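Below is one structure, written out as structure tokens; the observations come after it.
To keep things simple, chains are lettered A, B, C, D and E as they appear, and every chain counts its residues starting from 1.
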Amino acid sequence: MLFEVAGISKRFGGTVAVDGASFAVREAGIVGLIGPNGAGKTTLFDIICGRQRADAGEVRFEGRRVDGLMPHRLARLGFARSFQECRVLAEETCLDNLLFAAQEKRLWRELLGIVVPPRRAREKARALLAMAGLSRFENVLAGDLSFGQRRLVEIVSALVTEPRVLLLDEPASGVNPTLLGTLHDVLAETVPQMGVLLLLIEHNMEFVMSLAGRVVVMHQGAVLADGTPELVQADARVIDAYLG
Amino acid sequence: MLLGLGVAAALLPVLVPDQPYAVQVLTLSLCSVVPAVGLNLLFGYTGLVSLGHMGFAGVGAYAAALLMKQAGWGFLPALVAGAGMAGIVGLLVGIPCLRLRSHFFIIVTLAVGLILGTLFNNLDWLTGGAEGLPGVPRPRPLLIGELRIVLGTAVGFYWMAVAVTVAAFVVQWAVVRSPFGKSLAAIRQDEAMAAARGVNVFAHKLAVFALSAAIAGAGGALRACFLRVAAPSSFDLGESINLVAVVILGGAGFQAGPAVGSLVFVALPEVLRVASQARLMVFGALLVVMALYSPRGLLGAAVALRRRMRRADAV
Amino acid sequence: MAFLEQALNGLMMGSIYALFAVGMVLVFGVMRVLNFAHGVIFMAGGYMCHAVMTHVVAFYPLALLLSAAGGAVIGAVLERLVFRRLRESLPMQIVASLGLILMVQNGVLLLFGPEAVQISVPAMRTVVPLGPLGVTLQQVLIVVVVGVAMAGLHLFLTRSRLGTAMRAASQDLQAARVVGINPDRVFALTFALASGLAALGGALLGPLFLVFPAMGDLPLLKGLTAIVLGGMGSVGGAVLGGLAIGVLEAESTLLAPTDYRDLVVFAVLILVLLVRPYGLFGRRLRGEP
Amino acid sequence: MLSIRGLRAGYGGRMIVDGVDLDVAAGEVVTVIGQNGAGKSTLLKGIANLLRNREGAVTLDGENVFALSAQDLLGRGLAFIPQGRSVFPGLTVAENLRMGGFLLRDPVLLRQRIEAQLEAFPALAKLLGQLAANLSGGQQRQLELARTMVMQPKVIMLDEPSIGLAPQVVEQVFATLRTLAAGGRAVLMVEQNVRRALQASDRGIVLELGRARLQDKAAALLGDERVARLYMGKR
Amino acid sequence: MMRGIRAIALAGLLAPGLAQAADTITFGIVSATSGPLAAAGKFQINGFNLAMEKLNRDGGIEVGGKKYSVALKIYDTHCSPAEGASAMERLASVDKVPVVLGELCSPVAAAEMPVAQDNSVPFIITVPTAESLTEQGNPWTFRVNADNNQLNKSLGQLVVNRAMAPLAFIAWNNDAGRGGVKSMQALLPADVKVAYTGYFNVGEVDFSAHVSNIRRSGAKAVMLFMDEEPGALAIRQIRDAGLDVQLIGTLAMGSGRFLTRLNAQYLSGMVQYNAFPPNAPLPRIKSFNDAYVAAFKDESHGFAAQSYDALMVAADAVHRAGVLGNGEAVRKALAATRYDGVIGEIRFDAKGQANPPSYVTQWCDDGTRKIVFPEALASACGGG
């Protein structure tokens, strides 16, 4: 089993945000995680990313328990993520954003200068920027880009680390249709090629359904449905959960 | 241009010989440039404010002064040992303090500075107490084969100070450009994101805190040797706060920031020597204006101005 | 017995620290501004009291009130001109505070000279016997006035419309806006209130001690320690923190050499934070990890 | 009652709401739906003047109120309940209600208004001394509504009133909104809970990337295949 | 623009001491005119000014047959070693003064001394009392005032003679306070019991914790090492607390001005060491005090008298050196000084330390003072 969420629960004060959510992924590919607002997607996501601790349950990656690990440890295991509010290094250029993502982060290696050869990192970063149509912004400060462009920078920065698991939190929200198309193409092309497991939280159904091979639907903190996009779209319970 | 100014300043004693006062003032500025470089790494590049940094400089100063006075060490080994000692103290202090949230951290650095200052003042048997340790010797001449370089005179010591300062700037330059520096910059801009990219935020902060304390310690050792006395009043809260002012005035997060800040905050008032209250009032007003309009200091203002002028040119 | 006696001794400075800390924590709670220049307002309070006593009318209670009012005005002006615009940046708040300290302290030096001035209120020198101890009326007055001010502040914050609005704004600024509270006015009010309390503290200490340019420095350090001990979020925590530091200072002279008194206070601060990183009464603020 | 023309609003230099026209009449409940990031919340904040960056026209009762501050808008009868929990958690229920009438300087009037709200929301009357933080989600939402109604606004704007509430409670909230509208007020809300919200509304507006794509009777939108597609991604 | 800045900076750095007119000798003064020590600095500068006026009134200084008038160049060192060193360098190399005088803080003097030596400019210390300063044996440094040991010797004797032990101390936690306590405790015989030592920071005003501890310690006398301002506060708090102990103070607490801060009841019976009892029935002291009162409308102060004498000694040395611009000649002349000053005879030992007489005075019930030590000079009330 590549990746497994087993019986995760989390409550805040009186409210139950996640209530025994479970699903398992056998192999790399794109998995959509959807559900109406308040379904507990983001909390589950935060738990997977090490931002919060679960009250109960486990997250396992290749059989190893990874919930409760510090974010930097997860990153070293091959987890990369994006943030809902989109976080990039605003004071660095796009290229530097990618180069930073690609560089070695272990303190001792940094201090001793044992790092990825700069030329290789640079080539890879340029290639990804080109794929995202950002080549001409290579030397522009990320903070000066539009929101959609920043989102693309954030996601290609995650990709440049060659992650095993890529976690994207609503990558499509607030992105205009043109850039959304680019984002779609970048993910559709790189994810299978890199053999990464992409876990995608998204509200934009069109975006999710066209990318994901499998969709997990959450509702009121638990998994409501799980299957191919067609199957899920046809599920009456899902439609009910959405339209309230 | 800034480099040119720096070189010009460094060469001043050569270009205009026999100006011992100019040498004195420049050396004094260098003595605060070095700890400012340390603080700049911490504050300017990593975004951590320390209000007690001259405490670490004091650790370096007393360690070096004791080694030179009591154990007869030479200046350079004593300086390195002083820096190391300050680094170790920084490390020990950092382990508990860096876990704290920003406001708590700032106030704890203040407390650490005060505690170190109290120790300098009170440990009579070690630090000479409030009277300080007078009679710190100047560096012995450096012998390289037949060549004998005199470092004990004012000009000789100035060159020594220039060398130490350059070394500090080289360290800063190397750190800022290195992957380590990039991680620090990421921590400053977005801690959560840096962590998600694999940066062990705590370890990195601890490393830069210790490094910054060590550089400050080297600056303290330089200062004690220059003044030939290690005194608590050189490393008290007021001095720590002046150091923050130096870094911010010059431009936190600019490589040349500490040099510019020190020239403006230390050298300029020393040269002007006009009514001190009036001068301090003007500096106070300057700091307030800076906080409101140019948080990145004089260099930040210069960069913004240049950018605006370029834009005007383009139009 | 000795401990009790030292606790009483610590109470007076402790209540001054508490008065000081409450102002800082109010400003921090409502605006997220750490005003290091709070100490110069304290000092200004002493000088204003002196000025009123010597140039206007030698009636101490009135001078106290006028000093507090003057401090409030200074605070409102500072908020409007400086701190309102620095709400987002903690380092720049510190820079601006340092600048203000330099400006005001040196301005006072130019105006009044370096020598400490003394506010003379002979009636307050009366010694009140308290068991084996002799306490001056002024000391009693300090504790009483601070107590009354704290009680008044508590009533203001819990009972009055504006006080409740201040608490509301500190809890949720957006929600405060939608119920019609103008945040800018609340900020100005908070700053004025906090500064008024600081100036009151300076005016209270004046007759017992001396009024000099650096008189706010020590209360500032202890006040900062108090609010950190108290958790930087609660008024009650700041009061307890201030009193605790005053008592701790006095008690420490029984156990450790007196030149390590400050060290004891700051070491206790660091130890407390090691165990409770958010202070004794602190909670995590919203949105913090 | 409330009329918006060409409203643009956003953060920094970016306009998230990009030219929206809409009207809400007295006695009407209007719901804005749309995907995350479509600009629904920004639209309400733009109307309530809680954003720096905005342009366009907002008229209330025929009067141009675009330039009025959020406080003045409230004084004129335009109330806004933001997303998430907007009660003051550290204040008691009674204090929260008093804060709702912050703009009323007359204490007698304030007391009368609060008493009126306690009649309308009897559950709150028993909780007056409780800290708002200790209330359940549904009670907090009731408190928000009651607090807002203290000012007796003509227009009430709500940002996702159903979020985080159990289904029965959602029904209650929407029923309350209908009652308010029946009392002659205009209600404008943003909702993710599309079906329930539209069932409780007179009209609906679909927002996409900062523009109003569809405006129709709520019942019509409910049956509209385009809405289902928007939500379920069916082509 | 950069060129402009550089030009200004150079002009500032290189401007020679223009103030020095051809027929004037300018002496350098380092002191504190701002900050917490500015009050003490004022006495010091008053003394220098009085001496300058006196010298000029008498026609100036004769050097090599030519008369020169006297001027002062005063720099504020803020009690900061760095500023002290810079001020010394500037006085020596830019203003080219023949002698530098003054200073208030021991660590600053320690930073100034080697700079004076580097520049071959004699430096006369007039206030700091740390023994370590002259013990270093810097040949260019002289001190006219008594060091801690000299000052405390007579007082220590008095403590023993009058059986004031067990003793308590309250002292500033700075060089003056700590130095005084250290020196006094070293001077006292081993059998004199020290019951309590309390330090407080400059700027601290509440002594209640110390007062309680002293009461419990059973001390019979309290020695105060601090300046006037905290001294007045401490005495008031001790007396208000009903603590009936013998008060022992420093020279700062033996002046008429000090009386105005308190009153005779508070002070009655208190003794203090004194370098300069202004009302002593000695002609040299009397005439100085009269001149000081006339000039500054205030009773004279030891710091002023010491500084006055120092400038007189410097002028005398320059005169005897006979040349200008030769530091070594002035240094030699200083080392050979024999001068009858207002504080007493001034002659420097091999380490540059003078040995002026020190006194112990005591407050009487009526707010006057009397000399109690040396016994030869013991006077009635009003003579201290």
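Heads up, the rule we're going with is that a residue touches a chain if its C-beta (ideal position, glycine included) is under 8 Å from a C-beta of that chain, and two chains touch if they have at least 3 such contacts.
Remember, it's a predicted structure, so these values are computed and weren't measured experimentally.
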* Asked: Could you give the fewest steps needed to travel from subunit B to subunit E through chains in contact?
  -> 1
* To do: Mind listing the chains that sit against subunit D and also against subunit E?
  => C
* Asked: Steps needed, at minimum, to get from subunit A to subunit C via touching chains?
  -> 2
* Would you mind pulling out the distance in Å between where the CA atoms of subunit A average out and where those of subunit B do? => 42
* To do: Give, as an integer number of Å, the spacing between the C-alpha centres of subunit C and subunit B.
  => 32
* Just curious, how far off is subunit D from subunit C if you go by their C-alpha centres, in Å? -> 42
* From the C-alpha centre of subunit C to that of subunit E, how far is it in Å? -> 37
* Structure fact -> Where subunit A touches two or more other chains simultaneously, the residues are 51
* Structure fact -> Flagged in subunit B as touching 2+ other chains are 121-122, 192, 276-277
* **Every chain pair in contact, whichever chains are involved** => A-B, A-D, B-C, B-E, C-D, C-E
* Structure fact -> Listed in rising order, subunit D residues that touch subunit A in their complex are 14, 16, 35-37, 136-137, 160, 162-164, 167, 170, 192-197, 209, 228, 230-235
* Quick one: in the complex, what on subunit E touches subunit C? -> 33-36, 38-39, 41-42, 173, 178, 197-201, 203-206, 208-213, 215-216, 229, 233, 240-242, 261
* What residues of subunit B sit close enough to touch subunit E in their complex? -> 1, 4-5, 8, 12, 16, 19-22, 24-25, 28, 31, 121-122, 124, 128-132, 134-135, 153-154, 223, 226-229, 231-234, 268, 270-273, 276-277
* Quick one: which bits of subunit A touch subunit B in the complex? Just the residue numbers, please. => 49, 51, 70-72, 74-76, 80-81, 83, 87-92, 96, 99-101, 103-107, 109-111, 113, 115, 157, 161
* To do: In the complex, go through subunit B and note every residue touching subunit A.
  => 178-180, 182-183, 185-186, 189-190, 192-193, 195-201, 203-204, 207
